[in-house]
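Note that the chains are named A, B, C and D in the order they appear, and that numbering of residues resets to 1 at the start of each chain.
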Amino acid sequence: VIPPADLLAAFRAVRARTVALAAPLSPEDQQVQSMAEASPTKWHLAHSTWFFETFVLKPAESAHRPFHAGFDYLFNSYYEAVGPRHERARRGLLSRPSLEIVMAYRKNVDARVERLLEQGSLSAERLTTLELGLHHEQQHQELILTDAKHALGENPLLPAYLESRHEHAAPSRMEWTSAKEEIIEIGHDGRGFAFDNEAPRHRVVVPACEMASRLVTCAEYLEFMSEGGYSRPDAWLSDGWDEIRAEGRQAPLYWTLHDGAWSVFTLAGERLLDPHEPACHLSFFEADAYARWAGARLPTEQEWERAARELPIAGNFAEDARLHPTSPRESAGLTQMFGDCWEWTSSAYRPYPGYRPPAGALGEYNGKFMSGQMVLRGGSCLTPRSHVRATYRNYFPPGARWQCTALRLARDP
Amino acid sequence: VIPPADLLAAFRAVRARTVALAAPLSPEDQQVQSMAEASPTKWHLAHSTWFFETFVLKPAESAHRPFHAGFDYLFNSYYEAVGPRHERARRGLLSRPSLEIVMAYRKNVDARVERLLEQGSLSAERLTTLELGLHHEQQHQELILTDAKHALGENPLLPAYLESRHEHAAPSRMEWTSAKEEIIEIGHDGRGFAFDNEAPRHRVVVPACEMASRLVTCAEYLEFMSEGGYSRPDAWLSDGWDEIRAEGRQAPLYWTLHDGAWSVFTLAGERLLDPHEPACHLSFFEADAYARWAGARLPTEQEWERAARELPIAGNFAEDARLHPTSPRESAGLTQMFGDCWEWTSSAYRPYPGYRPPAGALGEYNGKFMSGQMVLRGGSCLTPRSHVRATYRNYFPPGARWQCTALRLARDP
Amino acid sequence: VIPPADLLAAFRAVRARTVALAAPLSPEDQQVQSMAEASPTKWHLAHSTWFFETFVLKPAESAHRPFHAGFDYLFNSYYEAVGPRHERARRGLLSRPSLEIVMAYRKNVDARVERLLEQGSLSAERLTTLELGLHHEQQHQELILTDAKHALGENPLLPAYLESRHEHAAPSRMEWTSAKEEIIEIGHDGRGFAFDNEAPRHRVVVPACEMASRLVTCAEYLEFMSEGGYSRPDAWLSDGWDEIRAEGRQAPLYWTLHDGAWSVFTLAGERLLDPHEPACHLSFFEADAYARWAGARLPTEQEWERAARELPIAGNFAEDARLHPTSPRESAGLTQMFGDCWEWTSSAYRPYPGYRPPAGALGEYNGKFMSGQMVLRGGSCLTPRSHVRATYRNYFPPGARWQCTALRLARDP
Amino acid sequence: VIPPADLLAAFRAVRARTVALAAPLSPEDQQVQSMAEASPTKWHLAHSTWFFETFVLKPAESAHRPFHAGFDYLFNSYYEAVGPRHERARRGLLSRPSLEIVMAYRKNVDARVERLLEQGSLSAERLTTLELGLHHEQQHQELILTDAKHALGENPLLPAYLESRHEHAAPSRMEWTSAKEEIIEIGHDGRGFAFDNEAPRHRVVVPACEMASRLVTCAEYLEFMSEGGYSRPDAWLSDGWDEIRAEGRQAPLYWTLHDGAWSVFTLAGERLLDPHEPACHLSFFEADAYARWAGARLPTEQEWERAARELPIAGNFAEDARLHPTSPRESAGLTQMFGDCWEWTSSAYRPYPGYRPPAGALGEYNGKFMSGQMVLRGGSCLTPRSHVRATYRNYFPPGARWQCTALRLARDP
């Protein structure tokens, strides 16, 4: 665990960062929920606060009184052990509490947490939970951006979250790096923070494989499209084929054809598609179909982790304030492994051998979602740099597209 | 048509009234859409403005420029002849334009309309449309209240729109008034404003019938409930029975049982049900079932109009600022015919003999909705007093409950 | 009531006719349910038998024992007062009882009913119910044909129910007949059988109107289609417009375009559309849209009944074994008023003034369906001739198309 | 590949077996489709024939003429490369072709296949496809039973497929067998037939684990139920919890509570639940929840295969004609690994490293379904004995329950 003083600094930084991310959005923007899977910004601000109140303050404060008796019901996301809660799809209907009150809630909880930290009166267990809460909040920082992007993108006026600083992405040759079959250890080694689902570290056979040096670009994905990618069933998993036909999908999310030219909606508004930036906002089904069409496949999460474990955690992250993927800055070896876009792997999200969720409500954090989802690795341009690591396992259903998700090719030697 | 000077005064009054009705709601409250059938307050503010811009300013201004090129798409409600439009169920996602911009839109259009009125440069046809626009805006005034009530009622915190001024409703005996079979004229006679669907005036045979002196009260409706009203299929139309089972309905909308006592959510928050106030927020199916259980029926719209045509338009209206139905103030004869609650009739909403909708887009105002709906009469405590008259035909689908809708019994002699 | 001896003959004839109608269908054909609104032939055979067993035998037999204890559950259509029942949409899953057993059920019930009739031991009330049962069974005779047509029409092989005897329909000029406003009596006068919903006879004002001499033909409907009928919202009621877009409708049911020529599926298989036969299998929305496009409207049920009441009940009925509408045989005056196709009226299906359903379960026969449906008049080529009369009120939801439904134009003078 | 003479004998045996399995069902029974996931018996009979016609006869016959031009459309299950096809959920509507014609189709194709086999004129590739066709047909033999069971079980009369020969299952103690972590080869070694998804054989690290000696019994599962299994979210994956609440599930499929005692519907009709027989017709979610509640987990497919690879393929199979699981016959070691019930593993159905589907339409057989499903192992009492092997990978979505599916516990040492 981090020393309390460092934790206090981290707490202040992370909490302030969340508020800064929400600042460009009006109270009305922060109210909107564009689909059941996304949440309003205001809800993210409140829920991440509720997390500290419920899991740190409530067990630690001697005379605990909740900020508001109704907030347990409103801002519990999915913790069955904590109690009943507001329906997820109806979060956008909560015009009350107002944003003003939610900000007061944040300040109140911040002050109480900081006081406990300054007093040194938090147990080791509480400090561990507090650290978890910071990583939890970083996840919601990314969701604030992806969910706001989705809400703005649903608006026919296509409003922007920030001013565009777009520079044209430079072309970069795709090369293949090879690895032999080997038996290695996968999973977190216990040094520093990790989520429960990254453990236990365990031995696996990773087969020989080759991995592409960078993410698939828009230009490459457009070639797939122009060769009938969305109308040839042989490229698709059956579920994916059903989905694109049921939804009438013809392109990645946020891509629109205007007079023969593809545009893309970004957090800085709509602009022409840049051919050398990564093709982003792909579902697993789209990533998988592209790879099959290209005569390749997606890497497994073990192959990805083997490739990533020696690399520095450097790349295009949220701190860079681009908030859009771009072309690789490095020129050799595996690039873009961290940042830019989450990379779909071919691995279903299932527990590692010997996995056990923590006891209590926090056991629901990751473990109960281990069905129907695929693993993604590496973080994105919307992820805080300090949040990600080589063993990090993100997961989404195979049809999800509103996250910043893309693909890197792999192939058998 | 009203003289232009009076129209100008009416325009200013109606437009100001709309703004006043929205004022107690925060920008976030005004953003929320709680179901597809309801619209955000902000959307009502913009749409009623768009109506004047489109149907008055656009044909009348020599150098017309729309306030915003995108507003035709965003704020057209259902006029196919005007062009494509934003999906109704997604109005709540429009965080932009902000409320501030919508208020600027109102001011801009108001100024332009007022200028034309002051210049006397509007044709008779435009003046007629302007008058229609005022009645249109009054309809949206009522919808602002019913839709906001629904949105606040969906919030577990049950916030209030205004402070409660509730006084206990006094009991009032229900009596029956009789009428003989006669041949009379029904429909608007052309004096003063009326909607197209109130014409042509035409002869009908109205059978002998008896009508109750007041609306059915909560106490009476509770008796129906306690005698198994919601679990005895013999009381219900088949579609109504299917609906209450599918939706699990056990009581009118906004009624909740807390520890054995019924509460009701009002625009002033939740409070105990008042037994002598009218049972409100009933669907047609509920009203019809109650009447059947009570050995009576609903009146036809012709029976209702015959009874109402000689009565003054007096009652509990929006101007009274109760915003909730109460017991009748008069002690004899037919009471509550106007105000308090819209009364479901047994008449399907269909055209009068010889009905023709106006030419052009405004022909879509009423005519195309003449299927699948039932007629309601008399206005409610949320209706502006000047908006209603004996020939006024309101209409909603038989399952709708979020309007202020109730029933008066009728029976064959 | 009919004398018992005549009732016996009628009973034998109607029951035999039902079996004859089912005969061309294999046990597998009789098993299929192509949509929730349609029922398998086998179910119709059993349900119409259950009707006699439940409403005649059960109260009349001294030592009544049901044929099978489970049949009340399986073959009760919608009588809540009788008890719980099998879900309507799942009737096609009942491979048991087999057709063989259902035929044995018919024989058993027939013998028991006939014995009671021969013994003269049925009360007047039971005889009345028995007569109702015969008219009920005739309704199911028509449904056997419409439902089998729908099931066969869903099969890509487009199998036929009978051999084609199609003769080309002759052209016939459409003329208008006029009637003045008058006050007349509408509804059944009590002579002979009628359903409860045809009473009470009552006075109405029927306005002046003109009615077309025959049904709208395919050639005329094709003109509507070629002038963009299905893509011009101004022709449609709002609900109808929504429905054709949601369902992707471009033509009446059973019409298919093959290489530029329209074919129609009939009970004798698919063939080229005959331009002079009536356009059939239209929803109310389609009929209403055609009429609006043609500058006319649908007649009210009162207008239709006024026009029909003096006419003989002659036309193209089920007994003629065409089982498809054709052109009128008469050359002057109002033709096709009976037979050929049910005619959509502009009247919503609601009770006549003073209507009361019978007491008990049979009160559910017609009364509880008086919402959300439109009245049709005149019978069709699938209706038994003896089943229909001028006061007969058929009813279906406005979107229904699988009945043999068409339109006759009316207009204001 | 099997020698042609043996293939001929196998072909005759397998084809005859399918017909024998269908024989107890009437033409009406064989017509019914109780849900989209299940198919009518008649469709299985036709589709398995179409498989040989399409993939063996069509490429092999010099003057190939299909038995019926429409059958490609009707009986293609999911091969996009073959062409368009009838909607899966509407197979039950195909009363034509009749069962008689489908049986004639079988005879015709059988004769043509046998002739080619007798002439020795099939290429090695065609012989391989023929062998695949036999294993394919065996899969449909099992589906005929599971789908007929579902259809009969939906019928309120609960008819039986065969006469009951039920003998009470004997109790059997559950013991744990241990295995150490080891690196082994998993997947098919190429000797004898296997499906493409069982290859390539590849090295994996299988962790140390313990496995239960037998399947979980009804008595054990009832204990889970009586301890609130279906109302405690901590036992369930999130998707599983959502599913049981949305569907109102309280017990395995086919279990019904009558007056406090649990009955089970079997292919021999309904009878009291036998406490010592395996708990069957569980979804993956139910199996997983039971295991979690029991402090254990499901085995991975690698753990299962390691345990099974040395065992004889013996057990309660379809040939034993029980068609219901029973208690283990052996008394020591791992029992019931083959037969009785398919065992849910904790492994998502994904490709083995280096997997490539075959070229052409048959590449769609297994590969395109590798998302959203879980692996099952070991075969069931409805599986032909010759069909299963230690490397066999069956797969179904985690919510599927109409297959004969159960669980064996595993745990970490």
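Just so it is clear, a residue touches a chain if its C-beta (ideal position, glycine included) is under 8 Å from a C-beta of that chain, and two chains touch if they have at least 3 such contacts.
Just so it is clear, the structure is predicted and the values come from calculations on it, not from any experiment.
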item: Centroid-based (C-alpha) most distant chain relative to chain A; value: C
item: Centroid spacing, where centroids are CA-atom means, of chain A and chain D in whole angstrom; value: 37
item: Inter-chain centre distance, chain A versus chain B - centres from mean C-alpha coordinates, in Å; value: 46
item: Chain B-chain D separation of Cα centroids, rounded to whole Å; value: 59
item: Every chain pair meeting the contact rule; value: A-B, A-D, B-C, C-D
item: Interfacial residue positions of chain C with respect to chain D in the complex; value: 26-29, 31-32, 34, 42, 70, 73-74, 86, 90, 92-99, 151-152, 154-157, 159
item: Complex contact set, residues of chain D against chain A; value: 78, 80-81, 181, 183, 202-205, 207, 233-234, 236-241, 284-285, 288, 300, 346-348, 350-351, 353-354, 363, 368-372, 398, 412
